[in-house]
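In the two complexes that follow, subunit A is the common piece, with subunit B as its partner first and subunit C second.
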Partner chain A sequence: MVFDFAPVITYFPTLLKGVGVGSLVAIAVALMSIIGGLVVAVISIYTKKVVSWPLRFFIWLFMTTPLLLQLYFLYFGLGEWILIPAIVVGILGLGFHYMAYNADIFIATIKSVSDGQYEASRSLGFGHWNTILYIIVPQAFIRSIPQLGNNMILMVKDTSVLSAIGVAELVYASQYAISVSFRPFEFFMVIALMYYVINILMELGQAWLERRTAYRR
Partner chain B sequence: MDFDLMVEVTPLLIRAAWVTIDISSRAIFFGFFVACGLVFLQTFRFAPIRWFARGYISVIRGTPYFVQLLLVFYGGPSLGLRLDPITCGVVVGAFNIGAYMSEAIRGSIESVDKGQSEAARSLGFGKVQTMVSIVLPQAASLMIRSVGVLAIVLIKNSSLVSIISVVELTYQAQRLIGSTYKPLEIFTLSALMYIIIIYAVMGIIELAYRRATRYTTQ
Partner chain C sequence: MSTEQSTDTPMVEVRNVHKRFGDLEVLKGINLTVNRGKIISIIGPSGSGKSTLLRSVNHLEVIDEGAILLDGVQVNRPDMKGLAFERHINNIRQNMGMVFQHFNLFPHLSTIDNVTLAPRKLKGMDKKTARELGMEQLERVGLAEKADVFPNWLSGGQKQRVAIARALAMKPKVMLFDEATSALDPELVEEVNRVMRSLAEEHMTMLIVTHEMSFARDVSDWALFMDGGVVVEECTPDKLFSNPDQERTRNFLQKHLGNNH
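Let's look at the complex of A and B:
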């Protein structure tokens, strides 16, 4: 049992490239899942059942099945018709998955905004959708920040799963180096450490954001 | 929808679903002991032991389950730790969920009003007795719900064990999608099985919750 971290240093640029791809995916997924989740939540609350029930069904479906199964379905399912790069499938898959989780949060927080806010806004002359857009949603969004932060931290950890469908993020990037150097333990230790550091930074960021927005809640 | 195919692959998927249930239930079972151990370690007066438990929980929660799985399965042999895929899935799952569960258990114990244990102590109950017959029954309702949520997360995460070639539900589904080119049918069936498993677990949690709160008035 002798540890040799030399190959890790040799292939460190590859790993950093993996971190870069992973971050890119994470940012895209964060944007997609937060904006999409908000839209899905608003539509599923404020429209007729014909529109809202299918949406709720998809939220439920994405929350009750594992991410990997959804990724395989998208990857092989879409692959039947069109050839799209793995990274796009990865972003879409992870994006839809967390869109469902975020929508679930937004639905709860939008409903938690007091009815008085809606009535007051309407009596001041705002229209129905303007009230939702300018009065309800901003308040709900601020209230969602702690849980959204948790979801995004989980999401960053889940980017590692995308290596299963061939997205060139950190774990995938290390595969070649591991197969050449036969040092899986050292590589996975370093990868775990990188994720841990990113995770701690995100937790600090989340705490800062929560402190900054606490007075509005 | 190709229903003949769906009928044909159902037995295969059911067998794979049993593997998922088997791995998950064993991981949850052993994870509970890991969690209790971690909660116990955090009550030590000797600080380094507490730090060890805190550090362990922080590292496990701060790194992806997927990477932990790969680290133990592919990196373990260089430490002399050779596990077959299923055992590896159970062990990593147990140590992973143990960290999350210990936080849930600690949180629910801490949510019980301090006055309860102080009153019990002043009535002459011992430390262990106070814990077992005063604090834990009151913590149980919260504990069952939060541990139950973690169990469901673990069942969904057990799909990642397919990466180290355990033929469980997701692995079987992926293999069948690859060989039949019918993703929608296979996905529908395997999703249905996950949903059945998860709803069964939710039912068990609800029963346990009702039993734990049968004497409480709310």
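Let's look at the complex of A and C:
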């Protein structure tokens, strides 16, 4: 077999655009899933059952069904009633999916903060919710960084699934180029390499963040 | 001991306090008064209810019967509910410093932030004023140079001194110590005791639960021996430690004197 990378070079700007779209989606999903996951975790731990149980059901639902099915459901299912742009559906779908996984992490780390921390804060005069805000959540967040990082690395790879609903991220962007150049192998090799680089960068970032916060745990 | 004129007015009053955990009655009608500027030590065997009593004073334990007063204001208010009680108790607690056996410093905050968080968030103090106040408190415990260090980098003794500074930063009317030195290596006990002694010299009102008999004898104005959820005997520390009236006190002291555990 003879490799021919010329089409890859020709269509490289298209691929970069795909990386751009993918990155945009990933950043939006990271923000949504981390902030949302934290809120879901706090509510599901600290509020009454009528509020927390539906949330726990939501987490369970998203963790036990495939991502692709969730995306189809949102895009084609809801598409029966309202037309939402694919990229918005993609962000929401991935966002909810990883929100559930992140909430699961936060629930564990919030519970791992010792009662002594809560009591020390209350003994200074902080109220229940202020204690959660200033003492419990920041500590839980720091403890969550390693697992959150892992989730976000998985999430970046999962942005490729959005090609199934037509979001022009990297994999989708390559499809036209492949169909006219008949060089799928070369394209997929380069795309794999691009994911690999992004992955390495994220792992470095995660390690840096962990080092920066380890002494605050 | 104190030179202040108002030392005969009560700062903390514990009146006929009962506390149960399920079927187990841990406090069986405790009465106790700490006057302004006085230091009271509580000793007693493990499980006698010392921590429960101290924690009841600032409502970390909810008592079943009786009343607790801080400077004339009732702490426990069975008549108050929900947010109203939360506001009440938060105010009360701002006037009581509590020091725990295991320090409970906030690991995500630097030493100075541990000390200034409460004044900033609860009293609305600006950052600069709070830092000055914080440095003052850290100097008081001899740790000004550790201001920007994180708790994980401190020794046990240093951690406990920061915890004391954190409590002092709220300018409490009374300090509660629950075995402040029992989790420390023996060589670190003295630095914490020294800080507590200096507070005594400043006439801080203190309620101290301790296993350190000689320290209690040294520092306190009054001493209590608790066993089985009751105050068995109370008197001056000199009398309690050298010539107690009660058989139970004598037995306890025989086991514990000379061996501070």
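Details
Following the convention adopted for this analysis, the second predicted complex is superposed on the first by the 217 of 217 C-alpha atoms of A that agree within 3 Å, B and C clash if a C-alpha of one lies under 4 Å from a C-alpha of the other, contacts with A are read in each partner's own complex, and residues count from 1 in each chain.
One rule holds for everything that comes next: contacts are C-beta pairs under 8 Å (C-beta built on N, C-alpha and C of every residue); 3 or more make two chains touch, one makes a residue touch a chain.
This structure is a prediction, so every number in the text was calculated from the model and none was measured.
Using the contact criterion defined above for the overlaid structures, shared-chain residue A:Y196 touches subunit B, although it does not reach subunit C.
A simple residue count on subunit A separates subunit B from subunit C, and the partner touching more is B.
Judged by the touch definition given at the top, the superposed model places A:N130 against subunit C, while subunit B stays out of reach. By the touch criterion defined above, A:L67 reaches subunit B but does not reach subunit C. Residue contacts after overlaying the shared chain place A:G77 against subunit B, while subunit C stays out of touching range. Applying the stated contact rule after C-alpha superposition, one finds that A:S179 touches neither subunit B nor subunit C. Shared-chain residue A:G116: touches subunit C; no touch with subunit B. Of all residues in subunit A, those touching subunit C in their complex are 114, 116-117, 119-128, 130, 134-135, 138-139, 142, 215-217. For subunit A in complex with subunit B, the residues that touch the partner chain are 1, 61, 64-69, 72-73, 76-77, 80, 157-158, 160-161, 163-164, 171, 178, 183-189, 191-192, 195-196, 199-200. Residues of subunit B that touch subunit A in their complex: 59, 62-68, 70-71, 74-76, 78-80, 156-160, 162-163, 169-170, 173-174, 177-178, 181, 183-184, 187, 190-191, 194-195, 198. Within the complex formed with subunit A, the subunit C residues making contact are 58, 60, 86-87, 90-91, 93-94, 96-98, 100, 102, 104-109, 117-118, 121-122, 150, 152-153, 163, 166-167, 170.
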